[in-house]
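Before any comments, here is the structure.
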Amino acid sequence: MNQSIIQWFKFGSPQAFYPLAGRMIPWFWAAAAAFGIAGLWISFFVAPTDAQQGEGYRIIFVHVPASWMSMFIYLVMAFWAGLGLALNTRLSGMMAQSLAPTGALMAALSLWTGALWGKPMWGAWWVWDARLTSELILFFLYLGFMALQAAIDDPRRADKAGAILALVGVVNIPIIYFSVKWWNTLHQGSTINLTKAPSMAHTMLWGMLLMALCFWMYSIAVALTRVRAIILERERHTDWVKHAVE
Amino acid sequence: MNALLATVRRDLLLALRRKSEVLTAVFFFVIVTSLFPLGIGPEPVLLKKIAPGILWVAALLATLLGLPRLFAADHVDGTLEQMALSPSSLGLLVAGKILAHWLLCGLPLVLLAPVLGLQFDLDASALVILTLALLLGTPLLSLIGAIGAALTLGVRGGGVLLALLVLPLYIPALIFGAGAVEAHIAGLGAGGHLSLLAAMLALAVFFAPWATTAALRIALE
Amino acid sequence: MLNVSGLACSRGERRLFSDVSFSLAAGEWLHVQGENGSGKTSLMRLLVGLSPADAGLIRWRDEPTPSAEFRRDLIYLGHHAAVKEDLTPLENLRLASALDGIALDERASMAALIRLGLRGREELPVRVLSAGQKRRVLLARLLTRPAVLWVLDEAFNALDVAAVKLLGELIAEHLSAGGMAVLTSHQPLPVPGGKALVL
């Protein structure tokens, strides 16, 4: 077997991953801060005021990256879950479990900022826009995943059951997204599209990308912090944890 | 295949000895749909407009009502263990159980829906589309629901959790099922909706028993 | 035919047992002994393939389990009654066989029920039978389901003296016909010979 693959398998054990994650976390926090400062600077001071929407549009610098991350994190979570089911590695389940709250947070943030944006733009906190509705369903899927994991006492069983749910969810997400979009066009309730800001300037795109990177780094940092806590909790009876905590 | 039919026969026989459990879900369906006109008002135009949505949501909830029992009884008395160890493939036995669940919980809804549709002033052709949509959609609800029932087997607060897991996954079936009738009433034709329902059903027939079996094996560990 | 090596199992944080090894040939049986909570039932569930082992290997006819052949050759009766309360003993036997894909005629199932002392009860719903009689309905499966390896977890519980003697005879017949059995219990069993495994 290839040397690098063996190296990866070594980090697949919680004991080896715990200190590695500990070393990586500060770097991801630093990157999140750097991207965040640059992104916020562009979004508040560089990006021009929108001709139609005024200053209020600036919330998309949070809204759009949060929506992207909420979808991306579900995919990553399902990937770890599937890996855990296929290879029976303990760490994969822990990774999936640690990602779920961050994904749910991103979905909630996306819904919240969507509502905040919607009020001045369309005069309503909530419109049944296809993307907002899909985001809401995604939020429910995250809640279901977390509730299932919390309800099962045995962590290995919780991991496996959660993995099946995540995989079922990932198969369903495109179907749900497509059906909601179809439903939306059929009913023609709102024709306003949240993310298609008219004539998006280059600086806006840069701001959004930087904010997306910031959210990405933040998500990795908190997921790693959470996975370290999960490792300690699940392996508390082992000798290495007793040494590590001392 | 024989094992599948044997499971269907077994579950039907068991349901025959406990008729009340099956009837509960059916009465629930009837009562919920009848509550809406009382809550909204008897205006025929409005009722006709919301009828497909109401009938579908009620069908969704009625299916959900029967789901926790799908595997629970067999789990408690140990027969599920015997199925998992049987020389027959567990996947086939599970498929049989899902089929039996549809025959007991889904098919009555399909047969009742046209009668209830009359309460909402739907005309004959709309009733045909409604029945067709439910005929394609209710097996889908049983198949997806079985995954949730297997995942929450023996879990604290399983019933509520099951609703939380399964209802978001039911949304596409709801959209296309109710949409088929609405599109027909609007004169757009229901063909597209019905074919999409059929496609989702084909996908679920292939995928859901497999996922359910995997979830059951985990629950039995 | 049955080879078990290095089996280990833990529940939560607690290691129940490790490095359990034994083998059985045709006509042999194993008595698994141990106190409450020592992991007898866990070992049985591991053995039949209901739960995965932390370590170790189980081989049946030189194939790792669970193979299709193993499932065909195995019958496992656990703590559960594993009978349907709303059905009659006769229906229970027939349906269980049908699920296993085994044809079972009326005469054979009646003969099994009579052998287990359930004559006259075959058309009553199991719900009205006593705990011991329910257990007998389950044990009738030993006669209606052809299997080489019997894995019986606490099968002697809730049985009266006559039934204990009868089950002992059934197991002895099974062994002399070349079968194998793995049994758990705290008390001595009315079956001659046998290997012992203390957890």
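Order of writing sets the chain letters: A, B and C. Residues in each chain are counted from 1.
Note that a contact is a pair of C-beta atoms (placed from the backbone, for glycine too) under 8 Å apart; a residue touches a chain by one contact, two chains touch by 3 or more.
Because the structure is a prediction, the values reported are computed rather than measured.
**Q** With subunit A gone and nothing shifted, sort the other chains into their touching clusters.
**A** one piece
**Q** Just to be sure I understand: the centre of a chain is the mean of its C-alpha atoms, right? Then which chain's centre is nearest the mean of all of them?
**A** Closest chain centre to the overall C-alpha centroid: B.
**Q** Which chain's C-alpha centroid is most distant from that of subunit C?
**A** Chain A.
**Q** Return the distance between the CA-based centres of subunit A and subunit C, expressed in whole Å.
**A** 49
**Q** Distance between subunit A and subunit B based on Cα centroids, please, to the nearest Å.
**A** Averaging C-alpha atoms per chain gives centres 32 Å apart.
**Q** Whole-Å distance, subunit B centre to subunit C centre, using C-alpha means?
**A** Each chain reduced to its C-alpha mean, subunit B and subunit C end up 37 Å apart.
**Q** Of all the residues in subunit B, which ones touch at least 2 other chains?
**A** Within subunit B, the residues that touch at least two other chains are 221.
**Q** Which residues of subunit A touch subunit B once you look at their complex with the stated criterion?
**A** Subunit A residues touching subunit B: 137, 140-141, 143-144, 147-148, 151-152, 157, 160-161, 164-165, 167-169, 171-172, 175-176, 178-180, 182-183, 186.
**Q** Of all residues in subunit B, which touch subunit C in the complex?
**A** 2-3, 6-7, 9-10, 13-14, 17-18, 77-79, 81-88, 93, 220-221
**Q** So in the complex, which bits of subunit B are touching subunit A?
**A** Residues of subunit B touching subunit A: 147, 151-152, 155-158, 161, 164-165, 167-169, 171-172, 175-176, 179, 182-183, 196, 200, 207, 211, 214-215, 218-219, 221.
**Q** Which of the residues in subunit C end up touching subunit B in this complex?
**A** 48-52, 68, 71-72, 74, 76, 78-87, 91, 95-96, 98-102, 125
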